[in-house]
Amino acid sequence: MQWETVIGLEIHTQLNTVSKIFSGAATAYGAEPNRQACAVDLGLPGVLPVLNAAVVEKAVMLGLAIDARIAPRSVFARKNYFYPDLPKGYQISQYELPIVEQGYLDIDLEDGSRKRIGVTRAHLEEDAGKSLHEGFTAMTGIDLNRAGTPLVEIVSEPDMRSAKEAVAYMKKLHALVRYLGISDGNMQEGSFRCDANVSVRPRGRTEFGTRAEIKNLNSFRFVERAINFEVERQIDLIESGGTVVQETRLYDPDRDETRSMRSKEEANDYRYFPDPDLLPVVIHAEDIEAARRRLPELPDAKRERFISAYGLSAYDAGSLTASRELADYFEAVAAGCNAPKLAANWVMGDFSAALNRSEAGLAQSPVSAEALAQLLSRIQDETISGKIAKEVFDAMWSGEGEADAIIEARGLKQITDTAAIDAIIDEVIAANPSQLEQYRSGKDKLFGFFVGQVMKKTRGQANPAQVNERLRARLQGD
Amino acid sequence: MVTLRSPALYVDIGTMSLNSDEVRRIAQLARLAVDDREAEGFAAGLSDIFDFVEALDAAEIGGVEPMAHPLDAEQRLRPDAVTEPDQRELFQAIAPAIDGGLYLVPRVIE
Amino acid sequence: MKLDTLASWARRLRVRDISSRELTEFYLGRIDRLDSQLNSFISVTPDLALAAADAADERLARGEEAPLLGLPVAQKDIFCTQGVRTSCGSKMLDNFIAPYTATVVERMNTAGAVMLGKTNMDEFAMGSSNETSHYGPVRNPWDPERVPGGSSGGSAAAVAARLVPAATGTDTGGSIRQPAAFCGITGVKPTYGRVSRYGMIAFASSLDQAGPMAASAEDCALMLNAMAGFDPRDSTSVERPAEDFTAGLRADLKGLRIGLPREFFGEGLDPGVRAAIEAALAVLRERGAELIEISLPNSGLSVPAYYVVAPAECSSNLARYDGVRFGHRCDEPRDLTDLYTRSRAEGFGAEVKRRIMIGTYVLSAGYYDAYYLKAQKVRRLIADDFRRAFGQVDVIAGPTSPETPFRLGEKSADPVQMYLSDIYTIAVNLAGLPGLSMPAGTVGNLPVGMQLIGNYFDEARLLGVAHQFQQETDWHARMPAPFV
């Protein structure tokens, strides 16, 4: 039987506020346990939540960026359950009336086509703390620093049909929240986490199969692997006569498998009700307009602009706009050297390769956009050739200074003086009389030999176009 | 003593009864340990209360908006600023079990 | 030293007729001598009180003015007080030394108040008789065999016996007004949002409101001046300009339209209480008020609606008591579930558990619409009744409680009968309106309270009506004999 995979993603994104969603405690990552857990985060008796304005602004920006409806009135509800990392015994979340509804995101598929993925809703909620098991035998330690960190949970429609599509959607969303500057998107630190709802059905059927929810997916790779594993598992199960049960499963990256979390399943009854400590969040038209004015240029628009303004190919424009930092870097280089296509080739080529090798982030790059632009300007004004430029770039990357200084110090300046080139050509011709004779008697291929000899004598610094032109004239005996 | 059940206000509309299994389910949700005797006691007591609460069925609530708050106000927003200092020692002075700044609970199996 | 009112002590402190230390020692002495008969305090804090009194005396000596400067008060043990046990009447918090101070207490401290201690109360404010306290019941100073009302029974009894001139209370369904009525004092439940809830241990967040309890309306006005005010730490706190609640005390009653809800005078009202209320109403009419019969047709549904909404909120608010970060933790828990279920079963008393169970049930899957949502709709009907009524009248009056204080243990076995004790007060909380109870007569030796209900933010008018009534009558000045 032919099977079709159906995937919907729930992505939890930490919003990059300095204080928590309902308290004035800091959100910085990596503090000592419970040093950033104030009375409100600890759920002490009598304390009350007050909503952080920045959280609302960021959610509205997200909503606008995915062309969603911004709810004029949204409501915080309590999700009641007991767990040691949940200090109040309830999580403040949004249930019936989320702040953002009905948006979408377009993803690019491998065959070059685009696909629209619906976003059902995005709602605000507080994060829980962390349970630490290491270092204790019969106990678990609870760190509540993360409790109360603002999250936006973005829930997609079950519109994805393969693990690759799911990853493309997740990457697109990841780039978007970083473009918007609403999240650092740091997946190692848990700022961008994904739960995947996965089901399979016979191709052609319209109703959905029973789904499993896979938790704990904190990298693109894990999402792809976990979904692929889960799809195989479900198909094998059904084909061998079994049925898929609706359950929560945990992905174990070490074993590359998902396994049931039935222990957590026991009779979840969250008893949602509107949080009486918080009032409805009202968003006025002017708030939305203010957020709209703060929106940066979004990835799709930037990509279109790169194509039309710089004459880049769709592929190049797509690669350069995959992250806002890279796009900004490219634009700074292009503006600095006034050669967008050259800049695009270098940023995607040597620059990206060096960055990947060093495993550093763009922010830590030893070659600034201005420095790279200077190097590319030297290619443009024919001070050096493209080949020499690679050598200069490597020297810049290892911290030897700016392009001009390196060119000067290493004497890499291109020879463009016709008389000087002619003199060298004459020397070469004089030193190779037999080759000259063969060339003149019709062995055209030897032209390359003479070019090589001239370049060798100039240590590659002669302008290649000039060498070609002058050499041809000389060899013909002009 | 006076009787407070006014026939006009508290019409008995059926008897609601809760059995001790249901009581145990609720107690489990609420994380309250109840023994069998307590469960029976709760079953009887809660049934009386739910009986009484069923007076709400007499209300004409068609088209009425639920009222979650007494005041028709909107949520006030707080500027995004760190205002709470670290007070871990103060807060953990009243904690039943701590180690290395962590609150301790019996091992949680995931 | 002779007993006096809060307002009068304030004047005497200002003219240095008496020092705050003398006054504080005087009341601490009364507590020491007399509270064994009442059990109205859970904690008495003489050292803190005397230090605060000395500080107040210094401020007074410098000629500083502050609304409660040097005046002894008691805090209901529901308000967090840093460094002092805040038990909320529960074994669960018997070991809880609050690490911070409630806004109300902070405001009163800033206003110069001298806290003598923390008063007894029903556990987590759930009760109408003060019998659910982990620290034992409070006795009514007018008859030790009877309850003082609840949940602010300790504050009410302490003020009635003049162990303290004024105290704070909280009112979720009548917990200030009913004990004020039972103990023959004046108590105000302000408009929801008027007084900060920050640091006040939550029972039912959309209903809870703190207010003053004192011998007279004037004393309550002084207290409320210090207690009320916007608090950025409470999202439900209302941003309004500060108001002087003593300013309206002398307002004339001429032309005041007083609405008498038919439903508050019907079946179930004790005839003696009815007679006392009617006599009190006659006094108001003689002073020029107009009495108008009105109807609050849905008020009969207030108790059932309340016993869905309040337990629902309580079941969630009390989930934080899990033995992990503070409060009672059971010995040697076997596992996490055991830690939770046993800590909570040991830490909470029967009535609290009952309400957690009710609340958990009405919110659980399949019952939400039938109970919680329906109750919220009924809540709106009740609020709409009042809205209509206030189109017709300026204040609403009636009995605070259908009866005089009942005997200890009398209603313990029948929760529904206990809940009906708040039949006239609960609707006010559901609507979020201000309400006041003042002594309006007696049945035998037992006090009768009259409730005044005002429109939103109309506390000053309620205090004015009560003050005018207290100019004509002396019910508020009477004291239970053993405490004179």
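Lettered A, B and C in written order, each chain numbered from 1.
In the analysis below, contacts are C-beta pairs under 8 Å (C-beta built on N, C-alpha and C of every residue); 3 or more make two chains touch, one makes a residue touch a chain.
Predicted model only: the values in this text are computed from it and were never measured.
Note: the chain lying farthest from chain B is A, by mean C-alpha position.
Centrality annotation: B (chain centre taken as mean Cα position, compared with the mean over all protein Cα atoms). If you average the Cα atoms of chain B and of chain C, the two centres end up 21 Å apart. A straight line joining the Cα centres of chain A and chain B is 44 Å long.
Work out the mean CA point of chain A and of chain C, and you get 57 Å between them. Counting partner chains per residue, chain A has residues 39, 42, 44, 50-51, 82, 84, 142, 269, 271, 276, 278-279 touching two or more of them.
For chain B, the set of residues that touch two or more other chains comprises 28-29, 31, 68-69, 73, 75-76, 78, 87, 91, 97, 103, 105-108. Listed for chain C are residues 96, 99, 206, 232, 235-236, 315, 319, 322, 324-326, 336, 340, 360, 364, each touching two or more other chains.
Chain C meets chain A in the complex at residues 79-80, 86, 88, 93, 96, 98-100, 102, 197-202, 204-206, 232-236, 312-313, 315-316, 318-322, 324-326, 336, 340, 360, 363-365, 368, 372. Residues 1-10, 18, 23, 26-34, 42, 45-46, 48-50, 52-61, 64-71, 73, 75-76, 78, 87, 90-91, 93-97, 103, 105-108 of chain B are the ones touching chain C in the complex. Per the touch definition, chain B reaches chain A in the complex via residues 25, 28-29, 31, 68-69, 73-84, 86-88, 91-92, 97, 99-110. Taken in their complex, chain A has these residues touching chain B: 17-19, 23-26, 32-40, 42, 44, 50-56, 75-76, 82, 84, 131-133, 135-144, 250, 261, 263-264, 267, 269, 271, 274, 276, 278-282. Partner chain B is touched in their complex by these residues of chain C: 95-97, 99, 192-193, 206-207, 232, 235-236, 238-239, 263, 266-270, 298, 300-301, 303-305, 307-308, 315, 319, 322-327, 329, 333-342, 344-345, 348, 353-354, 356-358, 360-361, 364, 371, 373-381, 383, 402-403, 406, 410, 414-417, 419-420, 423, 429-433, 456.
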